[in-house]
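A quick write-up on the structure given underneath.
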Amino acid sequence: MSNAITIISGVFIITGALAIIIGLIGVFRMPDFYTKLHAASVIDTMGTMLIIVGLMLYSGFNLVSVKLLLIMIFILITTPTAAHALAKSALHGGLEPVLNKNKS
Amino acid sequence: MEHHLVLRVVARLLIPLIMLFALYVQFHGDYGPGGGFQAGVIFAAAFILYGIIYGVDSLREVVHPGVVRSLAAFGVLLYAGVGVTGMLMGGEFLNYSVLSTDPVAGQHLGILLIEAGVGITVASTMIILFYAFARP
Amino acid sequence: MLDRNKCYHIASLFISLAILWLLLSGHYTLLITSLGLLSVLFVTLISLRMNLLPFDQPETFFRFMKYIPYGFWLVLEILKSNIDVCKRILNPRLPISPRWVTIKASQNSEFAKIVYANSITLTPGTISIDVEDENIDVHALSDIGVEGLEAGDMDKKVSQAEQAYV
Amino acid sequence: MTVTIINIILLCLLVIAATAVNQQRNLFAATMLTGIYSLISASLFVCLDAVDVAFTEAAVGAGIATILFLGTLALTGFEEKTEVKISVPGLIIVLITGGLLMYGIQDIPEFGNPDTPVQTYLAGKYIGESATEIGVPNLVTSVLASYRGYDTFGETTVIFTAGIGILMLLGRGRKNKKGLLDEDEV
Amino acid sequence: MFEVATYLILFAMSLALISAIIGKTVYEKILAVNIFGTVTVLFIALFGFLTERPEFLDIALVYALINFIATIAILKFFEYGDMGRSSHINDEADI
């Protein structure tokens, strides 16, 4: 039983770490700043959520996993706010977005 | 930052949390990582966030610069005062064992008080620095 | 001097902070708990002095609680769009078509509007850039994200959560 | 073993970040890279088990230091003005000092060696007696606040003095746009 | 399993550092710092479990809260040129 939970949490954590790397590949590949922000939000949501949930599964139900939950909530509150402020400030700073460059 | 509605609302949520977390760090320095210095810095960070988002003038209305300066001095005074109290009660300077009948309880009390002194001084100094650097 | 609404706000903040302290602390001795009570009181007083409580909002006890069911729905939504964005990133042709749209936010309170705007940002593929009275400017990575927003599911869910009565 | 490899990777990242900070001409970008530097060094302190130091680095490096750098930039300017020239005597001095330091490293005991003077002289006493004498679980706190109370008192005074110094340099007598003196003329 | 994840995260940290160095505009650099902050929080949390000392989580919590402040300070500074501007001085319409 506990072995199964360890395996599941391992899958979660490693998928999360892979999601972070995919997000960073996206940051390198995307053509302009605003599209880079989309790639970065993969890191902030999927990476964070998967890794923290994996760690919570591993540690079980105690104060440690409450702290992990708090970390996740704080990250999920602050990072979109920072991304929003960043995008808004870039727009006001005169950074034009590239629109509809290559149609899918 | 005044027209950043999102920032203002999120700051409103976060500032009490940061302050409470700073106080948690302050009082749990005995058990885990942390202590007066770290707590003071985090506490000041909450005030600085307020100053950044609502403006330094609003921060001045919350804490008057004179009060901050007095508090910075008060922290050092508290630290030294604990030491001198130890001297008056028959020990050496900064020997907390004499503060209470039980040496271990005395040590605990002394550490709590001087950590509070460090925290107050550090937090006030950081806010003073912010006042000095951020032009109105 | 203190009307009912203000009392609700203050009590709500106080209780939330107290719960947070108990969750963080893990040491429930008399000394630490009483210091915690003092800390919570102190933080509440400073928050009042900083005017952080939204007294103009006719909100109730624990306005966060109402958004918890919405949170679970949002997590599913985030996972779905994450998979979409990951596929686009890993596709060698990089099939993106960045777009710029303005959508309506039908929420009443500031807080609900912020929840909506942040949910948009949190969902990969869409970023809210400007929040003005009722409009939210959104930068979207692809047409799918735009269609999802214009269908208005998320908007409806946030409004429902806002109107929910706890 | 894993921890050692992680330490080495983090140290390499630290060197890269430091070099990048050095190369930046735009001071804004340098400030941001300094933020990254502090994040890496906090991770490194965590790996070295220096949790309290990591905590300080986390609190100071991530938030306050960046803000103070920005405040300084507001008073000075965004671009580095002086041209960087390689001065030969300076280079020679740096090389000699570096060589001497590398020579000195030979005498430093191995990492984690328990027989060094530092470990045998007072540390044993602190570790052995802290629990009964002070009764505080976190050893760092008992050393910092009780055994080495004088040092911490000195540090607190230093911070206070630094605050006073900044106040004397920057805080007083600045006039705002309306020509009125600031409120903090108290 | 924690080892593998930690190595992957270290790789991600190096990628984020590279993107901070080569980023063309200031905004791209700020974005890279933000990513680096998130990744560091996750690294510290993971490392605590790797060495079986989860009390490291307090540090991760501090980062999760404090990293935000630096970003906001940089943005405010970049937009206005100083950090202390308040609503009494500029008459921006308050929403």
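Lettered A, B, C, D and E in written order, each chain numbered from 1.
The definition used in the following text is that contacts are C-beta pairs under 8 Å (C-beta built on N, C-alpha and C of every residue); 3 or more make two chains touch, one makes a residue touch a chain.
Because the structure is predicted, anything quoted here is derived from the model rather than measured.
K.L.:
From chain A, count the fewest steps through touching chains until chain E is reached.
P.N.:
The least step count works out to 1.
K.L.:
In terms of CA centres, which chain lies closest to the overall middle?
P.N.:
That would be E.
K.L.:
For chain A, which other chain has the most distant CA centre?
P.N.:
B
K.L.:
So which chain is farthest from chain D, going by the mean of the CA atoms in each chain?
P.N.:
C
K.L.:
Would you mind telling me which chain pair, A-C or B-C, is linked by more contacting C-beta pairs?
P.N.:
Here the pair linked by more C-beta pairs in contact is A-C.
K.L.:
With chain centres defined as C-alpha means, what is the inter-centre distance between chain C and chain E in Å?
P.N.:
Centre-to-centre distance between chain C and chain E: 20 Å.
K.L.:
Averaging only over C-alpha atoms, locate the centres of chain C and chain D and give their separation in whole Å.
P.N.:
So the centroids are 36 Å from each other.
K.L.:
Please tell me the distance, in whole Å, between the geometric centres of chain A and chain B computed from their C-alpha atoms.
P.N.:
Distance between chain centres: 33 Å.
K.L.:
At which residue positions does chain D touch at least two other chains?
P.N.:
Each of 51, 54-55, 58-59, 63, 67, 71, 74 in chain D touches at least two other chains.
K.L.:
In chain B, which residues are in touch with two or more of the other chains?
P.N.:
Within chain B, the residues that touch at least two other chains are 5-7, 10, 14, 17, 21, 25, 31-34, 38, 42, 45, 48, 52, 130, 133-136.
K.L.:
Mind pulling the chain E residues that touch 2 or more other chains?
P.N.:
Within chain E, residues 16, 30, 32, 55-56, 58-59, 61-62, 65-69, 72-73, 78-79, 82-83, 89, 95 contact more than one other chain.
K.L.:
Give the list of chain B residues in touch with chain A in this complex.
P.N.:
4, 6-7, 10, 13-14, 17
K.L.:
Along chain A, where are the residues that touch chain E in the complex?
P.N.:
Residues 6, 10, 13-14, 16-18, 20-21, 23-25, 27-28, 33, 36-37, 40, 43-44, 47-48, 51-52, 55, 58-59, 64, 67-68, 70-71, 74-75, 78-79, 81-83, 85-86, 89-90, 92-93, 95 of chain A touch chain E in their complex.
K.L.:
Could you please specify the touching residues of chain A with respect to chain C in the complex?
P.N.:
19, 22-23, 25-26, 29-30, 32, 34-35, 37-39, 41-42, 44-46, 49, 63, 66-67, 70, 76-77, 80-81, 83-84, 87-88, 91, 97-104
K.L.:
Using the touch definition from the top, list the residues of chain B that touch chain D in their complex.
P.N.:
By the definition above, chain B touches chain D via 25, 29-35, 37-38, 41-42, 44-45, 48, 52, 60, 64-66, 69, 72-73, 75-76, 79-80, 83, 93-94, 96, 103-104, 107-108, 110-111, 114-115, 117-118, 121-122, 124-126, 128-136.
K.L.:
Where on chain C does chain A make contact in their complex?
P.N.:
Of all residues in chain C, those touching chain A are 20, 23-24, 26, 75, 78-79, 82, 85-86, 89-90, 93-100, 117-118, 121-130, 139, 141-143.
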